[in-house]
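The structures considered in this document are given below.
Shared between the two complexes below is subunit A, which has subunit B as its partner in the first and subunit C in the second.
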Partner chain A sequence: MTGVPEWVDGNDIAGATRELFAVDLTVARGRCATCGREAMVAEAHVYDRAPGIVARCASCESVLLRLVRAPDRAWLDLRGLSYLEVPIPAPVAPAAMPVVA
Partner chain B sequence: MAVVTRGFTGRGRREVDLPPGQYLTDDFPVLSAGPTPRISLDEWRFEVADGDGTRQAWSWPELLALPSEEITTDIHCVTKWSKRGTHWRGVSLDTLLSGVDSDVGYVMAHSYGGYTTNLPMADVRDGKAWVAYEYEGEPLAPEHGGPARLLVPHLYFWKSAKWVRGLRLMATDEPGFWESAGYHMYGDPWREQRYWGD
Partner chain C sequence: MTELATPTRRPLAWRVATVAAVREESVVARTLVLDVPDWPGHIAGQHVDVRLTAPDGYTAQRSYSLASAARASAGYAVSTVEILVQRIPRGEVSPWLCDIAMVGDQFEIRGPVGGYFVWEPSRPEPVLLVAGGSGIAPLMAMIRTRKEAGSRVPFRLIYSVRDPDTLIFGEELARRARDDHGLDVTIVYTRQTPPGWRRPPGRLDAVLLAEAGWPATLAPACYVCGPTGFVETVADLLVAAGHDPAAIRTERFGPTG
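This part shows the complex of A and B:
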């Protein structure tokens, strides 16, 4: 055995998913469709030395997300996540409107 | 002492006879979509199954007792590296599938750890596929798929499932792990069948 870790953490997919989405998926929360664990995508175990990127549940190792990148296309499979909760900044109140405390 | 006589020497690499888009490497890169399963040889089994259940199964000693073959072959990974003249020992799938009707069209290879990949039956018969358990004269290391992996070298190497545990017989073709996420159902390196629609 080489001693090199087999996986890296979920922050590894930030670049690959930024290409597809306007949001940073690694700060999203998701639920594992297999065991129900809820966690940040950044906490997943990511196997990126493969024909695609595979993110697995840190608890049960089930596949949460697969991303395959061809030169002109990408495929994203999220069937292992029963939901994703994505933080979106709340709209900023117009400056003219007084804010009542 | 083994003496290897090379048909050519030294000056750069012969890259003719490589499938399109591939480059040569001397390494054996480890690719894996999940944790390396640790399988005890006492519990290891290779099963051939159909919709009605297991048809035939072999334990580790039973596999080793079958006639084995030495295979020397080039291998081609879809991530674009190719490796020349790798040496393997394994049992031909002709032996393991000898009891299976010729009208079965496809197989799904299943691995310890959950990986799957689909293959036409015609591509795993007639001396084209093996369950390999030695690489370069040594027991196959876990990171390369040991104790045993599929070896189907005429297709991209993702079809040569690591940690193989059996084959499920199928009447119609179904996608495996990578084939359901963009990779080609067949995966012929000479026709550069990497992705859907290639």
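This part shows the complex of A and C:
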């Protein structure tokens, strides 16, 4: 054991966040509310060996996201992010658009 | 009723995976071939969450990269996927997966997830893969997917391991380096080499990265996967060699016990 807790990439929280969001949050770009760095969630430093998940800014180590899961609910704190830009797959236009008269 | 072409966004569900086969890949790692009914398919580099449940209801969950090609490997059903598990002493999940799980056993998986550390055969640029230890798993998925898809994109793999005992996928990599046209494989031993190896043991450095990798002028896509310290070092070396930081994708492991 070293004194510094081991972290992993934001990639690690793809599954946990897909429980709450309809799209993959790890490829969303977010801005750190503390230092202003913009990066993908996948690039954050994630500490997950605890009762909850904490994602920190790769630049200033401020907390970006906290997620705690109980069997029947989840708590999500995003106040460390001033925004998230989330790619959403564009719908493929159907060959014939159904028309409602 | 016409089915809407809009991508469906169902909540991510846990599925029951059944161990269909086990392959020893090194002294410390093995492949679990899993049969997962209704598997939706995946992209090389994606991972799954694995959940084990004890008789008393206690659960432990870990993330594992998928090592199989995006389409199922020859000889296996479409619903099969493979994960690489490495033994971590005193871990909660890995000892069960490495030592106890056998054909017919079941546990839950959720996925595939992750859209960041992925490679698709439609990408045209050359690819540099750098693996440390069991970080080879998602990169192996890319190498296998390249072959399955008939891609001619040139791949170079630099794979750092401690010693010959910890080399994972050694035979398959040697075979693919010979048979998969356009795939170069360089193994780096950090502590102990096989007898007669041309390079003394030592860490991956800038010189070796320049020799066995791609020059930055070719603008390769770089994928680096391994322990946190290894990934930090390699990513820094690549940036120092002139690679665009945006073209370097990383996946760091903690000790996945």
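Convention: the second predicted complex is superposed on the first by the 86 of 101 C-alpha atoms of A that agree within 3 Å, B and C clash if a C-alpha of one lies under 4 Å from a C-alpha of the other, contacts with A are read in each partner's own complex, and residues count from 1 in each chain.
The definition used in the following text is that a residue touches a chain if its C-beta (ideal position, glycine included) is under 8 Å from a C-beta of that chain, and two chains touch if they have at least 3 such contacts.
Since the model is a prediction, treat every value here as computed from it, not as a measurement.
S.K.: When the two structures are laid over each other on subunit A, do subunit B and subunit C clash or fit?
M.R.: In the arrangement built by aligning on subunit A, the partners subunit C and subunit B fit side by side.
S.K.: Tell me the contact category for A:R66 with respect to subunit B and subunit C: first, second, both or neither.
M.R.: A:R66: touches subunit B, not subunit C.
S.K.: Now for A:E6: first (subunit B), second (subunit C), both, or neither, which partner does it touch?
M.R.: Both partners, subunit B and subunit C.
S.K.: Considering only touches as defined above, state whether A:A14 meets subunit B (first), subunit C (second), both or neither.
M.R.: Second partner only, subunit C.
S.K.: State whether subunit B or subunit C is in contact with more residues of subunit A in the superposed arrangement.
M.R.: C
S.K.: After superposition on the shared chain, which partner residues are touched by A:R49: those of subunit B (first), subunit C (second), both, or neither?
M.R.: Once the two structures are laid over each other on A, A:R49 reaches both partners.
S.K.: With the two complexes overlaid on chain A, what is the closest approach of subunit B to subunit C, counting only CA atoms, in Å?
M.R.: Once the two complexes are overlaid, subunit B and subunit C approach no closer than 9 Å between C-alpha atoms.
S.K.: Jot down the residues of subunit A that show up as touching in both complexes, subunit B in one and subunit C in the other.
M.R.: 6-7, 49
S.K.: For the complex, give me every residue of subunit B touching subunit A.
M.R.: Residues in contact with subunit A: 29-36, 78-79, 114, 141-143, 158, 178, 180-183, 194-196.
S.K.: Provide the residue numbers of subunit A that touch subunit C in the complex, in ascending order.
M.R.: For this pair, the touching residues of subunit A are 6-12, 14-16, 18-19, 22-24, 26-27, 40, 42-43, 49, 89, 91-94, 98.
S.K.: Looking at the complex, which residues from subunit C come into contact with subunit A?
M.R.: Answer in residue numbers: 2, 4-7, 9, 11-12, 47-49, 63, 110-111, 113-117, 228, 250-255.
S.K.: Quick check: in the complex, which residue numbers of subunit A touch subunit B?
M.R.: The contact residues of subunit A facing subunit B are 1-2, 6-7, 45, 47, 49-52, 54, 56, 61, 63, 66, 68, 70, 73-75, 77.
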